[in-house]
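Here subunit A shows up in two complexes: once beside subunit B, once beside subunit C.
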Partner chain A sequence: MNLVAHLPVIVIMMPLIGASIAFVAGPRRAPLVTVATAVLTIAPVAWLGARVLAEGPTRYEIGGWGGPLGIVLVADGLSAAFLGLVAIVGLGVTLYATGYYRVATGSRPGPGHGLYWTLWLFMWSSLNALLLTGDVFNVYVCLELVGLSAVALVTLAEGAEPLRAAMRYLFASILGAMTYLLGVALLYAATGVLDMRMLADSLGPSVAAETGLALMVAALLLKTALVPMHFWLPTAHAAAPSPVSAALSALVVKGSFFVTLRLFLDVMPAGYLGGADVLIGVLGAVAIVWGSIQALLQERIKLLVAYSTVAQVGYLFLLFPLARHGGEVLSAALLGVLVHALAHAFAKSSMFLAAGVTLKRFGHDRIADLPGTARRAPVIAATFALAGVTMMGLPPSGGFGAKWLIASAALASGEWWWAAVVLVGGLLASAYMFRLLAVFMAAPGGRPLPVGGVRTLRTEWVPLALAAASFLLVLAVPLVTRLAEASAVVAQAGGVVP
Partner chain B sequence: MSTTVLYPLLGAALFALGVWGLLARKHLIHKVIAANFLGSGVFLVLIGLAGRTAGADPDPVPLAMVLTGIVVTVALTALALALIKRYYSATGLDTLEPAEEAEQ
Partner chain C sequence: MTVWLPVLLPVLVGVTTFLLGETRERLRVLVNLAGAVLSSGVVIALVVRAYDGAVAGSSVEMLPGLALSLEADLLGLLFSAVATVLWAVTLVYAFGYMAHAENRARFFGFFALCIASANGVALSADLLGLFVFYELLTLATYPLVVHSGTDEALVAGRRYLYYALSGGAALLLGVVWLYAIAGTVPFTPGGALGAVAGRTGELRAIFALLAGGFGVKAALVGLHRWLPGAMVAPAPVSALLHAVAVVKAGAFGMVRLVNEVYGPELATSLGVAQPLAAIAAITILFGSIVALRQDDIKRRLAYSTIAQLSYITLGVALCSPLAAVGAVAHLAHHAVMKITMFFSAGSLAETHHIKRLSALDGVGHLMPATMASFAAASFGLAGIPPFAGFFSKWPLGAGAAESGQVWATLLFVTSGALAVGYLAPFLVRAVRPAAAAREPGAESDPRMLWPIVIVGALSLVLGLLAGVPGSPLDWAARAVAPSYAGWSPW
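Moving on, here comes the complex of A and B:
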């Protein structure tokens, strides 16, 4: 048996098996099982990435059944980059959760504690499947699997507000998934295929196919929470338990964005949906400005961080109007967006995890009542400061590299206004991050900060490590560049069959 | 032959009704039923497509998609109902917004 050939399926199965073992092992042993799974999953992901770098994109036919009936997995540089991101942030979130749930429940595991591990690994497995699938119907199944486990994870927080947020999230998720499926139905009616590579070959001018793809893209934008379809995100991401918020904001929104990327770059010929790419870019620009202003107005840290996600997601969509220029503009913009997705994921997960520590230690996350945090909890303050530098896009952070690449792609294309949006977004991010940091640095006010909960090293140092990773991401740009180069469109993928 | 036109049209109408219900209705059970309308609408479109080549055997791919979709919809419905039950016992509300804002 040639294990290397089966790597794509191993990457999906590893967290799935871990989830099942964690469920059977019970709440006491589940954390250990989850940590072991997270560590073990890194090996096949890294191996798959190395193989893509060495041999180019690979296709894997599950069970040896090829298209049009079989299900095909596709691994290229893009999927390898996102899989690696999920693996690294996933390991960080898992380590943090082992400390978080110990602090949260003391020696007695609470109800949320038992289910967290299984649901989190289910979501991880579904995300990996979403990043590897080469078939538009399978995307629907993976989106539903990610959505179901994400909604269930949000409800692990106590109280009525998380339930309300979870239901709003669930209904938005259902609307998105069903719209996507309707799009797939129309697309299938027009072309008779579901495999992305075959679709790329058979797409022609057809009302049914264009309507289908438009519905699919609209559904993916809802799932990625692009303004004005972001209404479900801030409450769901802020109300969830902190390890869940981090995974949702850093990884889950990137999953549906990844599929949008695939449809635009690999499936549709350039300019296929008319001006849709420009419209999406404009919405992205609106998201950057409007989300940042909302973040500036929030009074709680977790809501500030959640609205910041609405803003940062906007940058991802600036790619589409730039992509129509092709050539060097496309490759610079794609690299910039890829670096941005990675930098944002590291910074955002570190901020949500640090917000969780703030909640545990001080009993609340109201910004106005947190002066003196820098003195009382220096690691938390340092985490927000480091992650903030990436959010603002100051050199030499990963966020700076991303904004530089996107802005220079915009200038090279002659459409300078996208670069202006990037600059304005950086300034607005400075405003909302400095507002938070200024309170942290202020002298403790009349009321001393209450100190609660047991401290564990993991809950403070894991967020700091993730923030440092977002800062040091510039060092990984050469690797990301090589991965982006290994993302030749799926249509040109070599047929490597086990 | 008429099914290839009638079913997708009926499906599209059901889907539109479902979107309206999901967005406009406040009662949570109404929203769940609307979500099932969405699903049934898409499935009807797919079933209509399966028989589009008259005379020949039905295309199995849309049928497989419908079967998968039904499984997913059942799971979604079950999760939604379980959440509504927990929410109702925690708050006594059957709408997402507190009673004074909901126009029931």
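Moving on, here comes the complex of A and C:
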């Protein structure tokens, strides 16, 4: 058996097998199983990435059955980049969770502890499948699997508020999935195929097909929480246990964005759904401003970080109006958005994890009551500072590389207003991040901070490492560039660098 | 690779300082001093090589097609040498000043990171690198401004960020725009935009964005309001960062922008140099006049800094070679003189709790060495020969007259008179008999006193040796000459 050929399946199966073992192993041994799975998953993902770099995009037909009937997996540079992201952040989150759940419950495993590991690995497996799937129906299946496991993970937090948030999340998730499925049905009726590559060839001017695709895109925007469809995100991401918040904000929203990217760039011919791309770009710009202002008004760290996700997701959608121009503009914008997705994932996961440490150590995450944190918990403060630099888009962070690329794409296309949005977004991000950092730097005054919980190295240093990765991500841009060049769409557009 | 060391060594010092933590005082002192001395040595070695005409350069790829490039040319090295050598001096002072302060690890760590960023600004070979380090400088300075954590400090820090980050955004837009129309723009004496000189409208807008971005740290009038407030920071920060590294990064950016991005000829023909000169001239008058009315010592010095920084901006904006030499020399001269004054102000506040000019009566009898150094720096700042300041103001005024812009010469003379006006009260009050009985013979801690005496003496020595090869004046002439084809200082 040639192992290399089956890499895409291995990437999906590895976390799934881990999830099953973790379920059987019981709460005491589940953390170890999960860590082992996370470490083991890195290898096939890296291998797959190297293969894509060497040989270009590959298709894999499960059981030898090709489209239109069989299940097809597609691995190109884009999916390899996202798979790698999920693997690295996933390992960080897993390591952190082993410390977090010990801190949370002392010696005796408490509520949520046992199920977390299985659900988390299951979600990981579904995400990997979502990133690799090559037909639009299987996207629906994966979206449902990711969505349901995510909702279950949110409910692992104790109390009524997480339950309320999870119900809202479930509602949004199912609404999105059903809308998507309706769209797929219309599309199938019009074209008779579900495979993405075949769709790309057979899409013609057809009201049914256009309506179907419009519904699918709308559903994906809801799942990615693009303003004004973000209503479910802040409460769900803030109420979830911190390792879950990190995975949701950093990885899950990127999954549905990835599919949107595929539909727009690989499936739809240029000019399809006329005007939708500009509308989405405008919504992205509104998201940047609106989400940032909301983040500025929040009283709690986790809500601030969650609204920051609403804002940062907006940058991703600036790609679509720029993509119309094709050529170099498209390549630069796509690379910029890819770098932004990676940088945001590292920074956002580190901030949610650090917020979890804050909750454990000080018993709350009310910003106003945390003066002196830079003194009491310098590692937490440093984490927020480094991750904040990425949010603001200042050098040498990944956020800077992303904003530079998006802004230069905008200026090269002549549509300078997108560049202005990027700059304003950076300033607003500085405002909300420095509001937090200023409190950390303030003198504690007469109010001593309560110090609670057991400290473990993992819960403090894992977030710092992720934040440092986002801070120095510009160094990884050459690798990301090569991955972007190995993706289907850029190959058509003629490479990233002329 | 050597050219990276002035950036990487201070980064290493900073990170080590953070990791050592609050308690390991001796090791911290050792690491910082060793790092500063070593960095100074590297910079001096680079200077010696650059004097021989060998320019070291190195770059790493950052974004596709875009590299982060450093180059050790004479102009950059002048700023780098000033920042690095004065860092070593300031460290000694700071160890005395901060002896009983809190959060020293954080303080010295970020201090080193500031120097690393300043050296990056100095040695960057193009606008992209300069922008990157310019922003890092903002970030590394913020924790120092809010060091005390008081409400006053937090407010000052917030204002600093408003100005600095908005300026950074303008700078980013300008740089991206320029790169979009002209590609990578390496600093080239005499200008690098010949190929796109026809796109006048865009070039004017980009110049405004870039000059606005640099103008924040160079404290041009209207963009200056963060600087007096930032004086809430500890004295070593005011001395090294708000008189040398941070504010000079803005002024230095102006020099690069006018001389080596646009070039004096293009800047004049586009009509962008003249408005910049006008704003700088207004800033000089504004800063000098407002300084006259300040009673708080550090605020008076801050407004003086605002005025003096615009000497540099005005000097390059006049687009006259001799004035540009004076401007670049002033970058070094003003640094030495103003750091002396802030050191002295810090000693007065720390040793005798004197923070106001009106409380200064008779202090010359208490701290003769400190006040003598202060006097040497004051004479220099007022432009009295043979102190250092004279040797930058003379070429500034002469260059303005030579290029037919006599109004600027008159302005430099007027501003010199105003400088006497805002500095003389310090000296007059210091030699008066004390109003109330004070403890006699109370100089500050030797760790603070000696740095003051050294930089105070430099204010005189740099003036006396102004004609010697290797002096800031000679150095500035060599650094500026290539920007003006057909002009030679000799």
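A few remarks follow.
We take it that the second predicted complex is superposed on the first by the 488 of 498 C-alpha atoms of A that agree within 3 Å, B and C clash if a C-alpha of one lies under 4 Å from a C-alpha of the other, contacts with A are read in each partner's own complex, and residues count from 1 in each chain.
Keep this in mind: contacts are C-beta pairs under 8 Å (C-beta built on N, C-alpha and C of every residue); 3 or more make two chains touch, one makes a residue touch a chain.
Just so it is clear, the structure is predicted and the values come from calculations on it, not from any experiment.
Of the two partner chains placed by superposition, only subunit B is touched by A:F171; subunit C is not. Contacts of A:L423 after superposition on the shared chain: subunit C is touched, whereas subunit B is not.
Which of subunit B and subunit C touches more residues of subunit A: that partner is C. Of the two partner chains placed around the shared chain by superposition, neither subunit B nor subunit C is touched by A:G64. When the two complexes are overlaid on their common chain A, residue A:A152 makes contact with subunit B while staying clear of subunit C.
Contacts of A:V389 after superposition on the shared chain: subunit C is touched, whereas subunit B is not.
Using the contact criterion defined above for the overlaid structures, shared-chain residue A:V184 touches subunit B, although it does not reach subunit C. Using the contact criterion defined above for the overlaid structures, shared-chain residue A:L194 touches subunit B, although it does not reach subunit C. By the touch criterion defined above, A:E144 reaches subunit B but does not reach subunit C.
The residues of subunit A lying in touch with subunit C in their complex are 335, 371-372, 374-375, 378, 389, 392, 394-396, 400-401, 403-405, 407-408, 411-412, 419-420, 423, 426-427, 430, 434, 438, 441-444, 474-475, 477-478, 481, 496-497.
The touching residues of subunit C, counted against subunit A in their complex, run 18, 61-66, 102-103, 106, 131-132, 135-136, 138-139, 142-143, 146, 148-151, 154, 157-158, 161, 165-166, 168-169, 172-173, 176-177, 179-180. The part of subunit A that touches subunit B in the complex is made up of residues 68-69, 137, 140-141, 144, 148, 151-152, 155, 159-160, 163-164, 166-168, 170-171, 174-175, 177-178, 181-182, 184-186, 188-189, 194. Here subunit B touches subunit A in the complex through residues 8, 15, 18-19, 22-23, 28, 31, 35, 38-39, 41-42, 45-46, 49, 52, 61-62, 65, 68-69, 72, 75-76, 79-80, 83-84, 86-87, 90-91, 96, going by the rule given at the top.
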